[in-house]
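Two complexes follow with subunit A in common, the first pairing it with subunit B and the second with subunit C.
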Partner chain A sequence: MLKRILLFLMTVVMTLPLKLFADADTKTLPLTFYIQPVTAVRAEGAAGSASVELGRVLPGVDQQAEALKVTIRTNSEQRYKIFHRYLSSITSAGGGQMPEGGLRFMVSGGSAGGQSAVQSWTEVPEGRAEIFNSGDSGGADSFTLNYLVSGKKPLEAGDYFGQVRLEIEQN
Partner chain B sequence: MRAKFFLAFLAWAVCQFYCRPAAADGDGVDVVLHLSSQSAITFTSSQSSFNLTLSDFAAGSVSDTAQIAYSVTANDVGRIQDNVMVRMDVLMDGIALETRMDSFSSRGTQAHLVSKGSGFVTLNTFDQGVADKVTDQGDGKIVDGDMILSYHARAMADLAAGQHEATVTVTFVDN
Partner chain C sequence: MDRCALKSNKINQILATLLLAGSFCLAWGKADAALDLQTMVVNGDSAVDFGNVKSLEENGDPAHDSSVRQVRLVVTSDLGRPYTIRQNVDEEPVNEAGTQVPAEAIRFTVEVEDGQGLVRTSDHEPLTAGMQEIYVSDDNEPRTVLLITYDFLVPAGQKAGRYHGMVTYRADAV
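Presenting the complex of A and B:
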């Protein structure tokens, strides 16, 4: 009986298709990478963060702030504009407010051909203001944004904070 | 099959919101602005000296009046009384020097100064208040404007002819 069983097993093993142990099967999958067009703006003050120290202001004395370096990175050739707008107006904890016309700004030309839309000291408007235009073919660029606090209108003593946003708009 | 398709669609949709490169969100940057406004007083006078002439020597005589303009700009004025103080360095025998704030023309909107009382104040060698602050808006800590002080001398006794000199000191006090 045992001999019959062994003979049967040997027969089964020998008749198994050899393909199961040898040969190879290949599948080809198409793969597509999408790299999104990205244009990003970065702002850096003297301290290395996105903040500007407007300084210690005295009545009657104009105070120029440290420069804010603005850098635009992009992998597209689309033209773009940079806009400036207040997120929160400049106020003190005690309720003091920056008087109208108290803050002015000026923007330099771009290091890679972009153009300033604010070439001389101009009152910072409450709303959205265009401050920079890219070159004809877009591209990375950088420029300097300067602020000036006017001493003509006295400002109540205290610490003041405000927040602005620099926005990119692609044409 | 439907369930698999739905799950694949869901995964794609979630990716559109959460799997984009960080820079793709960079369509703007927020910048903090900070400044520190120093507490300051700028107080100036239109003249460095003035003269008063008594045309009569009898007791009770009053000299001509000198009006002196002062400009004040202050940004931390918490005090509401005796903001303008006046004194003289020496008292003159038989002569009283008197002053009064005549007017205040404000350049700001927060506060202005008013005369302390309606009459003239006789000056002494210690500070005496001649003007108080009135708040018009907010906490009134900014006082910005031009003030006129009038001065005249009064003979307290019969006076011999001559010349007397004194120094008048006007102080603006914010706190």
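Presenting the complex of A and C:
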């Protein structure tokens, strides 16, 4: 019995090194790189500049401004939201103020699955307002932002000017 | 000496014989390590690291970034037989979200720096998933040095993140 065990063990011991030193060799290297995340929001009016011309407002007539095309370019896979914020309220050189309900806006759905948070004409709030939500996996998208000036509200004559900012927030 | 002591003695002898045989075999194996493959990343450490690259410019425009890395393979053999060198990629590199980089984005070229043999791939070949023979040595070639150049042309808009993959090199006697 002991001789059989010895024979078996000898066979194992002799075989192991032969397997270890077969006629092949292998090496593995990791391959890696990092792509920087970039997200940029661009807004363009009809003239190609980042401005919206509200046009000539006549008393009693609602005036729809040219559409502002908003494009989000990103290589991130995170969801995001777009917010609208007044930087300076719309006023005239003579001190005329936009009356309450004088400016409304509406946002279209995204061309790549994003959803509008302002689907019907809504008064533009003074503060920060959520206007757009990306699809589940984020990604590039575009939508249009439309403004409507109410001519039915009392509005002093003059050239009006204001500034808004679009902000992006990634989840 | 009783039977028990005799048996113990015999077991000790057997163990000693096994140890001796094992040591002999290991020494024999090391002395005859026939085929050896070493890898060296040129100007790098232990990884083919293309570094930080960009797929979009800061303003969101498409970027056309690229990066080059080189790996030197040294194969030594005393087999007296030809051998093949193969390259294997399990899958295209993926980021944390599981997004792959297209195979065509990373291309490689094999150059022979030392040794006689035949490169089996064309220049700037895409680094596709799977095992690929890249070189066959001549008979009885004791040493081969290959320089593999990897060109990474970052696809514009490629998703951000840390990408990982593995490249395995294998030398086999024919």
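Everything below uses one rule, namely that the second predicted complex is superposed on the first by the 136 of 171 C-alpha atoms of A that agree within 3 Å, B and C clash if a C-alpha of one lies under 4 Å from a C-alpha of the other, contacts with A are read in each partner's own complex, and residues count from 1 in each chain.
Just so we're on the same page, a contact is a pair of C-beta atoms (placed from the backbone, for glycine too) under 8 Å apart; a residue touches a chain by one contact, two chains touch by 3 or more.
Everything numeric in this text was worked out from a predicted model, so none of it was measured.
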Contacts of A:56 with subunit B and subunit C, given as first, second, both or neither: first
Partner chain in contact with A:90 - subunit B first, subunit C second, else both or neither: first
Touching partner for A:47 - first (subunit B), second (subunit C), both, neither: neither
First, second, both or neither for A:36, with subunit B first and subunit C second: both
First (subunit B), second (subunit C), both or neither touched by A:147: first
Which superposed partner A:73 touches (first subunit B, second subunit C, both, neither): both
Subunit A residues contacted in one complex by subunit B, in the other by subunit C: 36, 38-42, 73
Contacting residues of subunit C [partner subunit A, same complex]: 10-11, 14, 17-18, 21-22, 25-26, 28-30, 32-39, 41, 46-61, 67, 71, 75, 79, 81, 83, 89, 93, 95, 97, 99, 106, 152, 154, 157-173
Of subunit A, residues touching subunit C in the complex: 2, 6, 9-10, 13-14, 16-18, 20-21, 23-42, 71-77, 140
Of all residues in subunit A, those that touch subunit B in their complex: 36, 38-43, 45, 50-60, 63, 65, 68, 73, 87, 90, 92, 94-96, 147, 149, 154-168
Residue ranges of subunit B in contact with subunit A within the complex: 20-21, 23-24, 26-40, 42, 73-76, 108, 110, 138-139, 141-142, 144
